Each structure stands twice: as C-alpha cells, then as structure tokens.
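Heads up, the next two complexes both have subunit A, just with different partners, subunit B and then subunit C.
Right, the complex of A and B next:
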C-alpha cells in the first residue's frame, strides 16, 4: 500500500477552496480554544499532513456513534474531514465484507504499523471468554489487543468505548468494559457521549493532524477543550436556574417560557460536554433547547445514576430502609422504655423507709 | 470509585442508610425520653397550670430582662443562623424537590439569589457563635467535644452546599456529593447528640412552663 497523499492534495482534488478550508480551521481553533494566531498554523500543518490510516473497530455498540458522525451533517466540512483521513476499515461504512474486509484491516495494520489511528466504538465484553461479541469468529478483546499494538493512538468514540456505557450498566451481564480498562500502553482519548458530537471527533482529528499528538485531556481522558465545562455552565437557561425559576412539567407555563429544567431531572450541572455551545444537527439546537433535560450521557455510569426525570437533589432510588427503620426505632424505643420502667420499679421496691431511730444509730 | 459513582451512591444507598438511622434514632430517643415519666407530684399545686406551658414555648424564645445586653451576640447570631438554616433547608427549590421526592409534599421556593445571601449570612453568624464559644471563658469551660461536633455537623452541609452551587474549590459533581454526604452525617448523628433539640425543644419548654405554674410562677 502506498503512502497516502497529503491533505492539501486531497482538498485540491475535491475542489475545496482555500477560503472554505480556512473557515474550517478557524472553527476548529475556536472549538479547541486555541488562540486566533493558531489558525494559520493549523491550516499549514493540515495542508502538509499525510492522510493517516484509520481503523475503526465497532464492538458492543448500537451504531449510534457512526450514525451521529455520518448522518448529522450532509454534507459539511465535518464530512469532508472524513475524506481527509483514510478510513481503511469500518464495518458500517465499508463496501467489502467477509474475508476481504478483514484483509483490509490486516493490510492496514501491517503497512502502517505504528502510524495508524485506531478508533473504537462500543464496549468490550469480558465475561465467558468474551463470547458476547465476536467479529469474524474473534472476540472483541482479541481484535482490540491486536489492533492496539501497532496503533499510534486510540480514539474511544462514544460512552461505551470510553466508559463502558450502556452495556456496562448494572447488572452488566456481558462484563463490558472500556478501552482504557484493557489498553494501558497507548495514548487514548475518550470522546464520550451517547452519541458524541460529530464536531468533537473532527476537532480531535484536526488537532492530531496539526500537532502530531492528542489534545490535553481531563482526568477521564476527554479533551479539555470540549469537556472542560459543564452543560449547565454554558446553558442559555442558566439565568432561570439562578433566579429559581423551574419548569415543573414538560408542558406547563414555565416550560413554555423556557425556564430551567433542573426539577425535571436535567443532569446539565454534572455533565461535561459542549452540547450547549456547539449544538447538534449543524448547530440547530441541543436537547435542552428542544425542551428536554440533559441525560448526562457523556459521563461514566450515567445509565445507573437513577431516573432521567428525578432532579439531582433528589434520591436516585426509592428508600428501602425507611419503613423498617420506623418499626425498629419504635421497637428499640419501647424496649428501652420498658427497661427503664423496670429499673425504676426495682429501685422503688428496694427503697427502705428510714425512721428517726435509724438516723440516731 | 469515581465522582459520578460517588454521587450516585450518596443519592441512593447513602441517603437510604442516613434516613434509616435518622428515623430509627429519632423514634428511639423520643420514645425513651417521653416514656420515662416523672414521679407523681404529691404537693398541692400553688397555681393552676393553665396555658403556662404553651406560653413558655414562645416566651423562652425571648431574652429575659437584661440578658440581651449581656449576651447580645448569642441572641442575635443565634436567631439569625437558626432562621437562616430554616430558610436554606425549607425554602430552597432544590431542597423542596428532595422533600417532595421523599414525602410528596411541596411548596414554592425563594429565588436562588436570596438563598445565596442567606447562606453567606448564616455561615458568617455560625462562625461568630463559634468564635464567641471559644473566646468567652465561661462558654469555653462549659463546651464539650459534642458541642463542637454538633457545630461542625451543622456547618459543613451549609458550607459545601454554598461551594457546590457557586462552583468553588472542587468540581461541582464532587462538591455536590460531599454536600449530600455531609447532610447524611448530620442526619445520622442528629438523634444521638444535642441536635435532637429540634424535636425535644417544644416538649421541654412546655414541661418547664407547666411545672413552674404549678409551683406558683405562672407565665
């Protein structure tokens, strides 16, 4: 397999103007919170960058991440940047199937050993030898370990790959885990979200192509430029939260007035993502703008954090001990009361009357 | 355990345990205290008890003549932080939502800015009463470990709640978890410390008023 052409050559082939490309670079610089002067640097670096080979492994997932990345914008620069990488293996998008498809993956791993990017969506099942998800007769664990060996970096796309996601939710019958639970010796960036925002993955790719390394990550391995703030911090409904104006139901006056959705279970205050600023569907809106609270899908274990419709200040599961506590409390109280009364009676019966004669003794 | 799991734990299992111990402990203590009874008073009452008990419940909230001047900080700060705690706990929308989730009861809340201001004042007055407890020799002499523990258990939920809503010091998720955890500690220890006065206060005042009237000092 030959070396891939540069991004500049590819852009020229596709007739993309420099103006459109610079607009893309500006948007990426802005998304990644880089200084304005970096736009030119990004453009220069991207034009010269070789299109990296990308192997996309889909494990225990719903294909929502791919749906999000491919269908949400048609066509935009986000789609084009996907043309700028060489996507050599992707179940959903590739034309090849069977042995041909697997050969493409094997060829890429051999020809670009140490250089290719490995994108993973979906969690990896470990229970029962990993039999719950296999591709071409091989377990996800086996495929991941093999592909990770020669990868320059790994991008875990979606909450399943990043944190285990829904397959990892209790009781986790398949023993699903995240990529970071298995691979310890490679740079890994988690692009969480169920699904993640398309612009975030293109931003991370642009950063990698520009600088040759992954962006700065938070303690959960997510790029700080996208996950540094909470939805709540940047929510346009935040002033209503500060004023204590909350919608009480999805169709009351408060909801119609666009008041805060905290009481309806919005998890925006504890969820780190850029939905409130980058938005979805080409910048159309995001869940809160559509009238529904944030589910917290870019955070670990969001599926096990109680009802999506119970406020953060509420109990996330029904109380189990309260009734027993009432009975036990009353029983202990009565038992102690009886013991005290018996003690009093005993003291009373033990009381001896003193006479003057006794005192004179 | 990461922050998200910690938050989920304090919102579920932790809260369940804390409320369980709180309910158990409170019922236990109240049964124990009120079932103890008093020795039959054989003396002829010097005065009819009347409503002296009821009056005392309110009268004890007012400083006796001369006491306000002698102990201004105790009265003013005492009032301020008790009212502040009431406002924060009962009139903050997020707390009402918790109470609604547990009991089904709800009522309108106050604007968050008002709660913020109340919290700052409450924290300041609580620090003031602590400073006075330490500085006044008599109060210091009378104070035990339990007094300082009760103060800390009350102060921490207010402080962490404020830091959480203002996004200070620690990430919001962690601070919110610590806030809920501190409340759970308060709930667990409340029945077994002097903090039980939130329940026994009224009964004790009534008893004192009633017995004083019978002894000839009606209110």
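Right, the complex of A and C next:
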C-alpha cells in the first residue's frame, strides 16, 4: 500500500488556504506551549508531514475520552487533526462493523508495520484470564499485545489507560491495569485526565507530526508541556493562597470573594494538568473558576485518595502534598509571586524566529 | 415560605470593587508590553505574548481590553472561522484573536510588531492566485 499523502497535499485538496493553516498552527503552538515565534517553523514542518495511520483501541472505559475529543470546543480545528492522521480503526467512530472492522485493523497492522500510532483508552483487566472485557471474542490483553508489536509509539489516552483509573480503584475486581504495566518495549505517552483535555490529545498528535517523535515526558510518562506545572501553579486564585485567604465553606464570604479552595479539599497543588489556562468548554472556565476544588483526576489513584473535600495537608491519602508547595506558598509574598509569573510569561513568549532544529533542543 | 433566609431579597448583592477585578496580572502584563514596545522602537525587534497561557482572573481580560483600547486599524479575516486583528491605541501593539467557526477563541495574542503576519498574503496563496487569474484570462480569450 502507498504511503499516505502529506498534510499539505491533503489540505490543498480541501481548498484550505495557507493563511488558514497558519492560523491553525498558531493555535497549535499556543497549545503545545511553544514560543509564539515558532509558528512559521511548525507550519513548514507540518505541511510536509506524512499522515500516520492510527489504530485506536478502546478497552475498559466509558467513552468519555472519545467524547472529549470529538465534542471538543474547536470542531473545525479538531477536524484538521483528523486530516492530520488516518484513523483506520476506532470502534465508536468507524462505519465498518463485525469482520470488516476487524479486517481494517489487521490490514493497518500489516501494511504500516512499525509506522502506525496506537491510541488506547481504557484500562486492561487481567483477572480470570482477562474475560471481563473482550472484543470480537478476544481479550483486551491479547489485542493490546498484538497491536503494540508493530506500533511506532503508543498514546495512552485518559487516566484509565495511563494509570488504571476508576476500574483500578479499590477493590479492583477485574484486576485492571494501565498500558505501561503490560507494554515495556515501546515509547508510551500518558495523556491522563478523566477525561483528558481534548486540546492536549490534539497537541500531542501535532507534536508527533511536527517533530516525528513524542514530546518530552515527566516521570509518569506525561508530556511536560502540558503536565509540567500543577493546577495550583497556574491558578488565578493563587494570590489568595499566598495571602492566606481561604474559603472555609462553599457559601461563605471567602467563597463569594473567589478565595482559594485549598481548605475545601482542592487537589490543585498536587495535580499536574493545564485546566487553569487551557480551560474547558470552549475556554469558558475550569472547576476552580466555577467554585469547586480540583479532584486531581490526572493523577494516579485519584479515586482512592481520600475525600474530595478533605484538605490535602490533613489527608492521609496517596496524594501527599508536596512539601515544597507548602513551604513556597507560605514563604513568598504576592509581589514575588507576580514577579515570578512575569518572568515565566517573559520566558515563554521570548520572541525568536525558531527553526524546527531549535525546537528540538 | 417566607421565613428569614428563604427570601430572594435576603441574598446580599455586592458591587464588585475595582480592586477585585485584578489580582495583579494586568500591571505585570502592561510592564511586559512596555518592555517589548521599547525593543521595537530601539532595534525593531518584534514580540508576541500568548494570552491563552496566562492565568487571568475573571474580569482581568476585560480590564486589559479596556486599558489597551482600540486604535486606528481593525481588520477581520475569514479562514476556518473569523480572526479579529486590531491595533490598540498604542501603535505597534496589536491584539490578534482567532476564533473557530462556532465563535470560541482558539488563540489570543498580543503582538508587538509593524504588522501581524496573519494579515499578510502568504506566498503559497498568491502563487495559487496567480494561476487562477491566468486561467481566468485564458478562459476570457477562448
């Protein structure tokens, strides 16, 4: 089978102008937290990128991750993501069914061996021979191991695929585990969240296409550009934390003034994600902006980490408050906090005409 | 039920103070914009600030809009949804907002430059335009 066409050829066929594509790349650079000056370099690389085949396997999951991506706030831009890849197998989205559907998976594995991307959402049950979740009579474990063999890289979408998620919560009757518990010999990127932010899924795909490899990962296998900072680091309520202004209940004066929700159980200080800046529902808001603390859904074992409403320092949960977060928060004044933020934004937006080689550094 | 606390009138309504509109980010941002505009003046170095990456408090975005205001130029692009480009009342400081077809913001930038790149015709586009125009001419001859 021939290689897929390049993204540029595909877009040209659809009559999408270069200016429109530049706009798309601006949104992508913003998503990937790359310097805004790198837009031209991203555009040049993406337009030449060959569209990779993608096999998407859904295991023990609720389809929330797929809903998050397909019902995201930027349908047209997300459509361009579907132009960026050739989605050859996806239970929920494909038109084919039965033997035809399974054949397209087998064809892709054979024709693009070593080249296709494997996306997995949902955890994999191991108890009792894996019988708790099967597709076409085969266990999730069997399907995963088979598809992983020829994959160039694996993207574990959602907290279930990344860390076991809710199926893995105590007492874990099905013996649910994460992709990384089974596959050890492939590059795997974890895009955790319940569900993950659609823009993050898009951003990782765009990164892979732009650079040809996965983005830099943290110690839990998550892309640093999205999970490098905590919700607390980027929260607009952070100055209130620094000033010691806390809401004590959901309807007190502090809550009405929009003060910090730390004492109401907000898991922002130990949760790594970009909700505070990328936000949800078309950039409308995120949980803290709506007056509720962060649940920590992008961290391992968030479901078993004690009450959502216990303050972190009082909790004996696996999500221990990092000591440095407490010390830093207590020690620095608001002036320092603003100065740091300014420094951060200055660093981020430092304008340079970057090349792809520069970005890979 | 008219017992105290159950009446709509009992819910206190407080006017938001100006102080509550900003937690300090706007001053920080204006300082950065000033520094970048200085660079543009001195050596022509352009700059960009990605507003989507900044944790602005509710009301701060609007406050920034008000502070920067609107200058002489405003332009609109229709490309996979509208884009709005305005020069603020500080020449050289542009506000570029990209929307998708549903009207949600997908990228929001402050650009400190002579003219934002997105406004310029792109070489790939005008090459194609040239071909189309030639074809149009040839069609007229036949």
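Basically, the second predicted complex is superposed on the first by the 304 of 361 C-alpha atoms of A that agree within 3 Å, B and C clash if a C-alpha of one lies under 4 Å from a C-alpha of the other, contacts with A are read in each partner's own complex, and residues count from 1 in each chain.
Note that in this section contacts are C-beta pairs under 8 Å (C-beta built on N, C-alpha and C of every residue); 3 or more make two chains touch, one makes a residue touch a chain.
These figures come from a predicted structure and were not determined experimentally.
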| item | value |
| --- | --- |
| Contacts of A:173 with subunit B and subunit C, given as first, second, both or neither | neither |
| Subunit B versus subunit C as contact partner of A:300, first or second or both or neither | first |
| Touching partner for A:262 - first (subunit B), second (subunit C), both, neither | first |
| First (subunit B), second (subunit C), both or neither touched by A:36 | second |
| Which of subunit B and subunit C A:230 touches, first, second, both or neither | first |
| Partner chain in contact with A:100 - subunit B first, subunit C second, else both or neither | neither |
| Shared contact residues on subunit A - subunit B and subunit C | 334, 341 |
| Footprint of subunit A on subunit C - complex, ascending | 14, 20, 23-25, 27-29, 31-32, 36, 45-50, 52-58, 60, 77, 79-81, 83, 98, 100-102, 104-109, 117-118, 121-125 |
| Subunit B-facing residues of subunit A, complex | 220, 230, 232-233, 241-244, 246, 262-263, 269-270, 299-302, 304-306, 310-317, 319-322, 324-326, 328-330, 332-334, 336-337, 340-341 |
| Of subunit A, residues touching subunit C in the complex | 16-20, 22-24, 26-27, 29-30, 33, 35-37, 39-40, 73-77, 80, 234-240, 256-258, 276-278, 282-283, 289, 334, 338-339, 341-342, 345-346, 348-349, 351 |
| Contacting residues of subunit B [partner subunit A, same complex] | 2, 4-5, 7-8, 11-13, 15-17, 19-32, 35-37, 93-95, 97-98, 100-102, 109-113, 115, 167, 172-173, 176 |
